[in-house]
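Look at the two complexes coming up: chain A is in both, with chain B in one and chain C in the other.
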Partner chain A sequence: MAKVFIYPATSLILSDLVARFGHEPLGSALSIREHVQTPGFDSPPIQMTSEDPQKGLKWAAVEVPSGIRGRMALYGPLVEEAEAAIIIDEPDLAFGCMGCARTNELLVFMLREKEMPKLELRYPASKEEGVTFVAKIKQFLKELEVKE
Partner chain B sequence: MSAKEQPVRIAQITCGAEYSGIQNEITSAAETVGAKMFYPDVALKDVKRAYKDFGLPVKSPDLKLAIARAQAIVEGRIEADGIFIASCFRCAEAAIVRNELRRYIVENSKIPVVSYSFNERTGASTLLTRLEALSTIAKRRALMAREVQVGTTMGVDSGSSTTKCIIMQDNEIIGTGWRPTTDVLKSADDVVSLALTESGLKLSDIDAIGTTGYGRFLVGKHIKADLIQEELTVNSKGAVYLANAQKGFATVIDIGGMDNKAISVKDGMPGSFTMGGICAGASGRFLEMTSKRLGVDITELGALSMESEGGENVPMNSYCIVFGTQSLVNALAAGYKPADVAAAACHSVAQQVYEQQLQEVDIKEPVIMVGGSSLIQGLVRAMGRMLNTEVVVPHHAQYIGAVGGALISSGFVDKKVKEA
Partner chain C sequence: MKPYVPEYVGTVTKYVFVDSPNTTPQDIATAAYEIAQGVMIKETCFGCQITGSPEDVDRIISHLRVLDPYRIFIKDRGFPPGDSRRCRADLGGARPGYLGHEYEMSFIRYISHGLEETGGMNKTSLKKAAGQPLPLEEPLDADLLEKLFSEET
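Presenting the complex of A and B:
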């Protein structure tokens, strides 16, 4: 079982696909669940506090807007933990929406930089492309099993 | 809960607030002023349509969502009493969207709107006055519509630099009091005493009292005020009243001791406003520093600055008070005349206000300058040149918050008479 970072990190479809092939999907659900379930403070809706953008300084400089640093506090540790990644370029909003374009740019760059098995695909524009899209993800995930 | 007791509903159109860890600060600031924040609900198809309709090709999905939320409110699909637009400080993409959405809402609806840029250090206290102003406009529309002062009323403005008091009777100012703010309550007591002496009245003669400024809650409780209201709405009301600009559009600029306010007013009612001052360099505090360095009293700085043509040739950057002071020292050491340096300081403050504040409100004439800094002629001249307009400084401009407090609180006189 490999830890696979999914981009967009909010994609339930990707998360489900990774889990079906026996791997652990690393995405928003995981990091936000950790925050929401942390006892001892109350900062709805996602329990982030002003300390999170400070933690984000590890991945983005102080001139970078606080929202980006806060997001990096969620995703940065997951990228470090990741053993593989699936990146979908220009996904439809319904496929998985990550709010900040600048964070997304940084995140994709970090994933591309890291030496690990990666699959980067363009979001399908037709049904036929969709079938190929799923097949490629499936093949990538199966190959991960073999490598392990 | 009756319909009247419903909290003011403020629509939150933000990008990055939750991830900056300040959502709780926004919510608690709103609750403190009797308002409730809510996210306008929109469907995915609304986001796609709004983004296309609006025509601003942004990349961040949260900003696309912000556009859809604003459109849903403007088109009446979602009801809101006020709108709070905010995004991360230093995000250029969000700053463009924030400004264009504010303009779009102001032009297409009557809903009051405030825009702001935050970072993770933004606390509830910073947001309080802004949200209180939104809440006031929605909740106290009838009180704010008052154009004439009635009875005998008092306004106390407990500001960061000075404390002011005004007593009004039958639409005339009959007593004034002014003191630098030291101990908040003592300063308030002193100015009240001065104003009562000048008017020949006793405190028991006053029908209603209004307080505003940083110390409004403390002073309001101390002198049993009928009205305790933030300075954004009170000052703008006082400004259009004194400048006789209660009908039509007006822009109010108040360069204060700690922060600056720019308010768009329509028919005496504030519409959109901005309050800030990233650094004291862009506020009246820098002019106090300048007068000290030049060895003149702050009341003489205006006359001194007018001896110069404008001081634009003197290198001066008051973006930060430390660097601004350094500029002052360098300019004097380089041999520039004190008058030119004084004018340059005025020009620099006006420039900071223009760059940081006035970009976030629509400038419509008349432009009214109020507050103690409006008595510094060089600052008024610099602002007029910057905006290419004749700036109006009404009489008693330095007492503006106190005048607004006395005017608005006279709404309680009618109520008291009825109750009696």
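Presenting the complex of A and C:
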């Protein structure tokens, strides 16, 4: 069972397909859960502490806005843990503020730079493309099993 | 500053989405309640949320998947249900965060179709189907952009 990073990290479809075909999807929910379930000092609104932008320094330089470093504190450890990645090209659902946009750019860059099996594709727009989409992911995940 | 004492430590929460003409969210929730054994189930308009120990949640999920294997989709959730930071009962009004799910649910029928088709494929036909092109969108050519600009003026 390989740890597969999914981009967009909140994707329902990718998360389901990776788990369905026997691997572990690495998405933002895992990091959020860890934050939410860790005791400490109350840090509203979603338990991001002032330490998180500092942790993010590992992946983004100090002049990078704290919003990006904070987000990288969530995604960075997952990317390091990842053994493979499935990346959706320009997903509409990942559209957001500049913090999200720049984090996404950095995230995709990090995934492309890391030496690991990667699958890049886009969301299907028809039934036929749906078959291709699922087949590509299924084949990719099967090949991961062989490599293991 | 005050100490933060987290709730539901050691549990996992999973979303169960259903988009099927044969299975309703109520069917899913009822089936989950039947084998809940103390696990927290929250029925929602799209399916349900399950919160409990990882083993219990996996047990319920593998039971639910059988109901409609190609049309039930599951993903992790970071917050437990009813968390005051995310629950709209505390926030008031609609909550953010379902935009992504709403977007993906708009074409999830293609995925269901894909799962159904690939489910019966052997190794060779799966490889053939995976070899079909799914071209990525080409970035706009800079020369073309320049041409468009000059056309405007």
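The rule is short, and it goes like this: the second predicted complex is superposed on the first by the 139 of 148 C-alpha atoms of A that agree within 3 Å, B and C clash if a C-alpha of one lies under 4 Å from a C-alpha of the other, contacts with A are read in each partner's own complex, and residues count from 1 in each chain.
Here, contacts are C-beta pairs under 8 Å (C-beta built on N, C-alpha and C of every residue); 3 or more make two chains touch, one makes a residue touch a chain.
Bear in mind that the values here come from a model prediction, so they are computed numbers and not experimental data.
Colleague: With the two structures laid over each other on chain A, which partner does A:L121 touch: chain B (first), chain C (second), both, or neither?
Modeller: After superposition on chain A, A:L121 lies in contact with chain C alone.
Colleague: When the two structures are overlaid on chain A, which partner does A:S43 contact: first (chain B), second (chain C), both, or neither?
Modeller: both
Colleague: By residue count, which of the two partners contacts chain A more extensively, chain B or chain C?
Modeller: Between chain B and chain C, C touches the greater number of residues in chain A.
Colleague: Figure out whether A:L12 sits in contact with chain B (first) or chain C (second), or with both, or with neither.
Modeller: Only chain C; A:L12 stays clear of chain B.
Colleague: Touch check for A:E83: first (chain B), second (chain C), both, or neither?
Modeller: neither
Colleague: Is A:R102 in contact with chain B, with chain C, with both, or with neither (first, second, both, neither)?
Modeller: A:R102 sits against chain B, while chain C stays out of touch.
Colleague: Using the touch definition from the top, say if A:L93 reaches chain B (first), chain C (second), both or neither.
Modeller: It touches chain B and chain C both.
Colleague: Is A:Q54 in contact with chain B, with chain C, with both, or with neither (first, second, both, neither)?
Modeller: In the superposition, A:Q54 touches chain B alone.
Colleague: Considering each complex separately, which residues of chain A are in contact with chain B in the first and with chain C in the second?
Modeller: 42-46, 93-94
Colleague: Considering only the defined contacts, which chain A positions touch chain C in the complex?
Modeller: 8, 10-13, 15-17, 19-20, 25, 27-33, 35-47, 89-90, 92-94, 120-127, 129-136, 138-140, 142
Colleague: Which part of chain C faces chain A closely enough to touch in the complex?
Modeller: Going through chain C, the ones touching chain A are 1-6, 8-13, 15, 17, 73-80, 83, 85-86, 99-101, 103-105, 107-115, 117-118, 121, 126-127, 129-130, 132-137.
Colleague: Going by the contact rule set out above, which residues of chain B touch chain A in the complex?
Modeller: Chain B residues touching chain A: 15-24, 27, 44, 47-48, 58-62, 64-65, 87-91, 93-94, 118-121.
Colleague: Using the touch rule from the top, collect the residues of chain A that touch chain B in their complex.
Modeller: 42-46, 48-54, 63-71, 74, 93-94, 97-102
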